[in-house]
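In the two complexes that follow, subunit A is the common piece, with subunit B as its partner first and subunit C second.
Presenting the complex of A and B:
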């Protein structure tokens, strides 16, 4: 009887969160599906266009270009945060002194305000007055690139900032994973004469596989959501060369107020991330034992 | 909680409610996109409240990037402010969507000549008038007098030609340490509308077809685009936009990195603030192009307006507020330096001209407004032109590729015309 009452109270306290979820998350998600079949500028009456937005999207060169940017970005960001995050975690897990200090240090960029972070990076990357280019000139490079304004570099610059900023977060996930590995396994391998590299390659890495898998999925989702660094550093430029899907959705929704098109893009992004996750789940069987 | 206690609370609440009703206030809501402007307007708003007892104006301002999403959401909810700022770039879409009250009945009672006609015309659609101009703005040529004098170049005047402009720009590009990287460029521009369109219109060119439904840059427009982009690529007298990456575009001129710059008159405040006393500067109209005559050259100017919500329950009061904010009672100090009051009698005064401030020749702006003016605003303008957080796309993005030497003008024009017409055909 008493426990029943407790359960009822639990529901009561869950109501605010559930209402929030329904009204601010699930509601808009469902509405966006309907909106994606309309032409709607927010202030007027939506006009039904069937699959029009999806067709426009697939026939637009701009869309394919941005999809390509999104893919290239993911191919830099996901391996970037995975390798750097894992590397930092493994180094910190070797029992070096001041490990908590370094752990905090590497995590710091992740919790620093995006505005502060991107202002600093903007200055580092600035063509004429930037720290990076002045350093390169000092080294003897006479004509260093315009990192944020060159279509060959802008996306790479964004991915670099994101990896630097977020690797610390993935490091924490890996650290948690590493602490779940029984140290006696590594000690046994060492006793059997394995080198440090062999211990990492044949003991740590396979046992860390479930964490790695989780990290890759999360990194994939995060890479598809990239917005803040783009907004603050390049606004998608030059000539859309660093625009990825999430930023393109923002442009269409909140600059052009083309909500139908933006909703169609958002659903496509959702499907693509879903597919990539599915592929990962399939492949997982090949490389993860857990 | 006891019953007596409850009754106490309830009666207390009733007393409070009664007290509120006694000083019943009519609330007029007002929203604009310029927090600095609103700061200046506070005294005018207080005056309005004093003149209309019982009326309280609830004013709110936020930057444009927040203003439009917010205003759109309010419109969708049927909850627009009674009075809100409307731009020349978006008025067509807002009018077509039925979100602007027709003010023609009110406007009919006014002396139309008291206001700049160009600013009034932007709000007219058919027989209706869907907003009322508060101020208008125009791109001008900013020039660094100190640099001109140092280079021994005469200041720009009304007869300046493009050749003379180019000669001046060459003389003003200085590389004193000889590293091939000028410390001061003659000019600064990228693909932005306020940087580019003045040259097109001053050459008698047009970006749009006559019915304004298609992008169709004519020969004079292409000539202007070639001239401006060549300044960076052929003559080396303007920095490539990528060179200036990391510096706010509106700071290049006031920081002395370029001796000339074409952008909106609304930048006057920023130039004053950033340049300070470091050099003397003035403004001029963009020189007339070789393909234009005095008859075909056009000024480029547009209005910032105030509109009334179509479902406002107090449209008479809203109109009175608009008249108060833009009309007779205002003084030049109620407007930012580069914004010309739409009410002529306020603009055409020594107090607005501020001869003791820089630039000492603000009548250049008034002169542009007196000419035949034009714009290229269409529905979905932000998309094909590349504006705000989409500046890297559309026509702006393509022109930047030319400025940066990565595309020829022909390639860029072909690309932005095709893209723009795709956008416009969906409107």
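Presenting the complex of A and C:
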């Protein structure tokens, strides 16, 4: 077929996707950049303030506190989903017959309604009537924490729910990676007298490195976008103790209607995620053969 | 040797079952409490006995939530929004996937990279201008802002359909070209029918994602009659915080359809998630 006609058809087919790309992706990305240099409460006219929002941000104690929360959260969430996801995948990849059943069970938290399961967790964490504290009391802990109401524990509870919810998703990624590894390699190592741990440490883990790398990147991006779970579990409290940057942006934009400041925060978030990804790419050369 | 093998097997199953319990307990807790009376949900120590079933009025919480708490309406809203958005994904992503996967044209790489690249921009960046756009269009408190963005933007879907179409044999369309069919007819009557499994998986994934969406309803919907299920559940928390039995009943109602949808297409979904690894 004539190539010009093919081109015309191709662009015709791409019209919906291109409209989506321009109106809901590229356009907003550019607009947010502009808004981040203004002071705007949505109702009035945006006022140009240059780098004002960025300066306010860097000088605000609250911002640094939120940034610390975001980092601590990522340091719990990323290793959490990576270790649990990889562990489950390795266990399921041992060739047991019930593997499809357990795989489906572990994936369940990920595909069900986030708000519904998070609200259930909210009750499980409840200080007096919650399942968790009653279980802990049964185990002999006399004074378990108030979890969601305790500033020292709220962020940890938030990370726990997120890891619980998403570990199954990362398990699937690891399972896909494991299936790409030739099982005869493991068998050969076993025949040569390697223990199960040695096979995992010196055969499976290095060969799985490309998947692990991909998982960490995805997990990092995910850890920066916490909204639903925060909203349904703690609403960022107590006293912002479980507010991460993404939720802080929501608060500034849609509770305080400070669009300029929120956009500046959003761009900062974008840059931080980009930097973390870049660092990961650098480090990759050290720990991955792929 | 054989004994150590048996010990390993027992340990393996023990680990799998322990994590299985951790994964499942919140669902069990939700379900049990939707069949309990108000007093039983506050019993110490907590009880897993579904007392209402024993009492002979098992569905009284469900009747209350469904009729008096507007959940019928939320259910209809969620179903409508998720269905429309998912149909849109099929339409937009299959067309784009056909262009990317089967056609050679200038700008192909650039557009593909732009679509993939913007996926990594956090939603926090785009949501503020999107909100302003929706407000400017006068779309607040309509279904449109919940449907249109998902209808037109589907990175995972585009990837999935591109790969699906690319992997089809060349002979498939050659016969049609000899018959003098145009590209649109090839797409519609040759490509689409051969991509049914991928389309089914895409529909289910898009349905689950849209059913689960919370940020957009929270921003765009204030009219109680237009609320979606997750949003309706959240209003429960502020209005009836003490009534865990009703909240858990609502949670079951929002969760059950997704579990059914998931089970109906589990194999396709697992394969496609494993293949592409990205939701949204």
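Following the convention adopted for this analysis, the second predicted complex is superposed on the first by the 283 of 290 C-alpha atoms of A that agree within 3 Å, B and C clash if a C-alpha of one lies under 4 Å from a C-alpha of the other, contacts with A are read in each partner's own complex, and residues count from 1 in each chain.
By our rule, contacts are C-beta pairs under 8 Å (C-beta built on N, C-alpha and C of every residue); 3 or more make two chains touch, one makes a residue touch a chain.
From a predicted model like this one, the values you see are computed outputs, not experimental measurements.
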Touched partner set for A:43, first subunit B, second subunit C, both or neither: first
Partner chain in contact with A:278 - subunit B first, subunit C second, else both or neither: neither
Contacts of A:240 with subunit B and subunit C, given as first, second, both or neither: first
Which of subunit B and subunit C A:129 touches, first, second, both or neither: both
First, second, both or neither for A:146, with subunit B first and subunit C second: first
Partner chain(s) touched by A:83 [first = subunit B, second = subunit C, both, neither]: neither
Contacts of A:231 with subunit B and subunit C, given as first, second, both or neither: both
Which of subunit B and subunit C A:58 touches, first, second, both or neither: neither
Touched partner set for A:254, first subunit B, second subunit C, both or neither: both
Subunit C versus subunit B, contacts on subunit A by residue: C
Shared subunit A surface residues [contacts with subunit B and with subunit C]: 42, 122-123, 128-129, 231, 250, 254
List of subunit A residues in touch with subunit C within their complex: 1, 3, 5-7, 9-11, 13-21, 23-29, 31-32, 35, 42, 88, 91-92, 94, 96, 98, 102-109, 111-117, 119-124, 128-129, 131, 134, 137-138, 164, 168-169, 172-173, 175-176, 196, 214, 218, 221, 224-225, 227-228, 231-232, 245-246, 249-250, 253-254, 259, 262-263, 265-267, 269-270, 273-274, 277
Subunit A partner contacts - residues on subunit B that touch it in the complex: 68-69, 72-73, 75-76, 93-94, 96-99, 181, 241-247, 380, 382-383, 387-393, 397-398, 400-401, 404, 406, 419, 422, 426
List of subunit A residues in touch with subunit B within their complex: 39, 41-45, 56, 60, 62, 122-123, 125-130, 146-151, 231, 234-243, 250-251, 254-258
Touching residues (chain side subunit C, partner subunit A) in the complex: 8, 12-13, 15-16, 19-20, 22-27, 29-30, 41-42, 44-46, 91-93, 95-96, 98-99, 103-106, 108, 111, 114-115, 118, 120-133, 149, 151-154, 158, 177, 182-184, 187, 208, 211-212, 214-215, 218-219, 229-230, 233-234, 236-237, 244, 247-248, 250-252, 254-255, 258-259, 262-263, 266, 269-270, 273-275, 277-279
